[in-house]
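Both of the next two complexes hold chain A, though its partner changes from chain B to chain C.
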Partner chain A sequence: MSQRIKLDYLTRIEGHAHLVIERKAGKVTGCRLEVVETPRFFEALLQGRHYSDVATIVARVCGVCSISHTLASLMATEAALKIEVPPAAQLLRRLLSYGEIVQSHLLQLYFMAVPDYLGAASLFQLLDAQPELVRRALRLKRVGNRICEVIGGRPIHPVTTCLGGFSTKPEVGQLKQLRQELVASLPDLEATVELFAEFEYPQFSRQREAISLQANGRYPLHGSILTSSSGESCSVADYRTQIEEYLLPHSTAKLARSRSGSYMVGAQARVRNGAGHLSPMAKKVAEALQLEQSGNNPFENLKARLVEVIHCIEESLHVIDELLLHGMPRINSNSTPVVGGSGTAAVEAPRGLLFHRYEYAADGLLQQADCVIPTAQNLASIEADIQLLLPQLLDQPEELLRQQLEMLIRAYDPCLSCSTHLVKLDLA
Partner chain B sequence: MTRTQLRIIGIGNPLMGDDGLGIAVIEQLQQHQLPPCVELIDGGCGGLSLVPLLTECRLAIIIDAADFGANPGSIKTLTTADLSQIPAQIFRPSSHQPGLADVLQLLKKLNELPQLTMFFMQVANCRQGYGLSGQVRAALPDLIAEIRRVIPPTV
Partner chain C sequence: MKVKIGLFDFAGCEGCQLTVMNLEEELLQVLQLVEIVEFRELMSERAEQIEIAFVEGSICRPGDRERLQQIRDRSQILVALGSCADNGGVNALGSDRTPEVLRQQVYGSQLPHLYTETPQPLSAVVKVDYRIPGCPIDGREFLAVLQALLLKQQPELPSFAVCVECKLAEYPCSFDYGQVCLGPITRAGCRAICIDGGGHCRGCRGLIDNPRTSPYHRILEQYGLSIDEILDQYRTFNIGEQESGK
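On to the complex of A and B.
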């Protein structure tokens, strides 16, 4: 007897997806994650745009990772046009990235994961029973937004970022206040660590490759070298030699594979490749949470995210101190763009590696864009995990099975809203 | 935390046709002379980032694209008092949940809702593509006039 299980509209993930499982005589014969998020042809939208407009358009691709898209876009154009970025501007960009990681991770941890582990349908359902927990979640999420507000000039879409650096610098008073707010968030973070230390994480293990930017004296964030847990590394500009993109008929998203097949990007991959460079406080939290080092249990992603939140807050304090100590003598480039040519950049977005690659014509108009988003790189890994996990769950009632699979998928924090290359395939 | 007096927040995505009308309104209002107590916010796709923005002001005006089955460009105005009567369908499904409806519910439950005026404009299409439809673009001056009418000279 063959049976088809379809989980429509997986909840609490960004964007929409269906999971289709086919089984015959008690065995799983097929498993597909169907991505049905409205396609966004933003690569096509970029064609013909002037290099000065590209980052502004890209910023709108994703409401959650707009800073990462903006920074990857600016860096790719800067690489193509040979625009240098002064050190103070690089520090400000790091701060912006930290802010985005903090607010994105806390959104996933509190709003997507906590309900799973406390047995609630959503965080809103916990409002009556645990109002303080919800208030804490909102206070913490605000901290990330505040970094964006002070450095980016706006709480949501940054307006101060530009090619070569920044158009305006934050005021010293604002930086000092931000510093105080970050320090003031530490008790809430401590309570969060206590909360996540109490959860029981599902046991699961599948060997996998982890790819991230290389920790070059610092935990992976912005950089020019890719590294794999398999020991290989290459220049970001050569990412296509390591990562191949492909399409499948059941998904409107573009997938990616490495030479060894599926691989993982994101918090867990970064911790695996760069744990030695975590901040002292983050290392202690990793120990307290007993973060598993092999990186083979995707449920441990939650702990990895929390460890990164602590790391980003602590690093933000150091960056602010550096900015206050040395001032910001120059925050914008004084080099003249060399128009024409191609450039590639990668940043560690909250969900993992994000690549932007542009080709510009001599008139400064964009000819071709390629964007590889973290979720596209994780989709194959999610499917492989489900295929391994399913046989252990098939005897359980469908509701329980659904819950377990959704928890697994949510552990990756997939964001399908900006899945690019969404080619419509007609198979009639 | 200090409370800003009046925040005007436009929500939407300019890459999705008329969905970006809230952002277009904010851009146009930036060219207007407004009282100094007014802060204009490009709310992007909104979501939970709206929470602190709404809790730290006394009055808020939200502008969003909506589909309430009217002619494209039609305007629907709602206030805090109407919140419980708003049909869920008026809030366009957000690609990033929780959406505006959830955010408002949450704030109401936490007793932190500011005094709110919401302007929804009926969209013509929200398919991928940069820029507004002709009908929505033609109706924006009316919407901006209505918004200006509810901005008090001082707050």
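On to the complex of A and C.
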């Protein structure tokens, strides 16, 4: 007897995906993620555009990580056009990235993961039963968005960022106010750690490679060296030697693989490769959550994400202090762009490594673009995990099977603000 | 009875739905008045009847048209959420090439499952009752439109230009920096946020109803800027409007 299990619209890769599982005589014979998102051809849309417009356009790839796309884009163009970025602007960019990670992670943790672990269909459903939980979720998400607002002008599609740094800087009063808000969020964060420490995470283990930016005296965020848990490293500019993109007939996302095959990017990969550089408070939280070190259980991604939230909040306080102490003498480049040439940049977006690579002609118009998004890199890893997890689940009731697979996929936080809870299980 | 609303999306970045989520504190108050009955990203429930549907994204595939029609059929009011839904937004940037060429440029050949059509606004497929422009939308404006609809009033968009908001806020004029700015002809409602951020207006909210183009030409001439420069700016978010001849 052959069975086909199809989970429709279960997660999204900037949109929509189905999971299809085929089994015969109790054995899994196939498992694939069908990415059915409408391709928007951004790399082609950028062709012929002037370098000053590229970041604004490419930010629109993703509303959830528009800051990461903006920064990766600006940095790739800055590398191509040899534009320097003054230190104060680099600090502001770090702060902006922290804000995005905080808001994205908290959205995932509270709006997508918490309902799974509390047995609800959505966080809204808990509004009556646990109003304080929902309020706390929104309060905390606000904190991340506030960082983005103060530094980037608004939470989605920032307006203050530009080539060479920033076109405007936050006022001292705004930074002080933001600092107070961050400190005031600590009790809510503590309550969040307590909440996530209570959850029972599914046991699962599969050896995997983790790739992230290399910690450069600091937890990886923006950088120029890629590092793998296998011990290899290379320059970001040579990412194509480590990572190969490929397409599958059932997917509209380009997938990526390393030389060893599937690999993982994102919070768990970063923690695995850079745990020593976490902030003191984040290290304590990692202990309190009993975050396992091997990085082989993708469900632990939730804990890693929460550890990063704490890290980003603590680091944000330090960055604000530094900005207040030293001021922001210069936030924009005063070098003249050297037009023409190519440049590559990578940033650690909330979901993992994000690459942008551009080639510019001598007239300043973009000729070629390549963008590799985190979720495309994680897809092969998700499929490999499902294949290993499935045989253990096939004897379980449908409901449990569906729930476990959804939880697994959500643990990766596929690139969209939120993972759906609408899953049709069709045991035809 | 709470008013039943739904949030839907097609090809887009989801930034507009996220902007609704980002209302945070106000969202809790909104939820006392409305019930979100369908929001695939956050909920498992699916609704048969929806009073107000907010739809983000552009229509690019035959399946999109069917799904949008189904949403239209079960909704009393349909609101286009953001540029992509309203006029095609950045999705329409490739309108100068066929979808086949775009596909070839990004994915190479031989991938029929990547079939798409030139991205279109919702209004190309169904009747759109109201629209909330912008890339992304402005959360305040979403609340204003929702409030009007809950009060059974006609939501109205500002009929004046971004320039007005900019001048009221006393931001320095972009033209003084030699920067082409679409503020004089773009619909207000964003509080000139990009100019506040040190940038210029790229026209993401679309044209005002009756743009006065001749004074605008004079501004361009005065600052030594060319029509091509302005069109280049205009093309970022408004290709769709040009194509459909709006």
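Things to note:
We adopt the following convention: the second predicted complex is superposed on the first by the 410 of 428 C-alpha atoms of A that agree within 3 Å, B and C clash if a C-alpha of one lies under 4 Å from a C-alpha of the other, contacts with A are read in each partner's own complex, and residues count from 1 in each chain.
As a working rule, a residue touches a chain if its C-beta (ideal position, glycine included) is under 8 Å from a C-beta of that chain, and two chains touch if they have at least 3 such contacts.
Small disclaimer: the values here were computed from a predicted structure and weren't measured.
Placing chain B and chain C on a common chain A by superposition gives a clash between them.
By the touch criterion defined above, A:61 reaches both chain B and chain C.
Of the two partner chains placed around the shared chain by superposition, chain B and chain C are both touched by A:45. After overlaying the two complexes on the shared chain, residue contacts for A:142 are found with chain B and with chain C alike.
Of the two partner chains, chain C is the only one touched by A:153; chain B is not.
In the superposed three-chain model, the partner touching more residues of chain A is C, compared with the other of chain B and chain C.
In the superposed model, A:411 makes contact with neither chain B nor chain C. Of the two partner chains, neither chain B nor chain C is touched by A:243. Residue contacts after overlaying the shared chain place A:211 against neither chain B nor chain C. Within chain A, the residues touching chain B in one complex and chain C in the other are 12, 14-15, 37-42, 45, 57, 60-64, 66, 107, 111, 124, 127, 134-135, 138, 141-142, 145, 154-157, 417. Note for the complex: chain A touches chain C at residues 9, 12, 14-15, 37-45, 47, 50, 53, 56-57, 60-64, 66, 107, 111-112, 121-125, 127, 134-135, 138-139, 141-142, 145, 152-160, 162, 166-168, 247, 249-250, 252, 254, 416-423. Remark: chain C residues 9-19, 21-22, 24-25, 27-28, 31, 36, 39-46, 60-61, 64, 89-91, 93-94, 97, 101-103, 105-108, 111, 113-114, 116, 119, 135-136, 193-194, 196-199, 202, 232, 236 touch chain A in the complex.
Residue ranges on chain B touching chain A, taken from their complex, read 13-16, 41-49, 51-53, 95-98, 102, 105-106, 109-110, 128-130.
Only residues 12, 14-15, 37-42, 45, 57, 60-64, 66, 103, 107, 111, 124, 127, 131, 134-135, 138, 141-142, 145, 154-157, 417 of chain A touch chain B when the two sit together in their complex.
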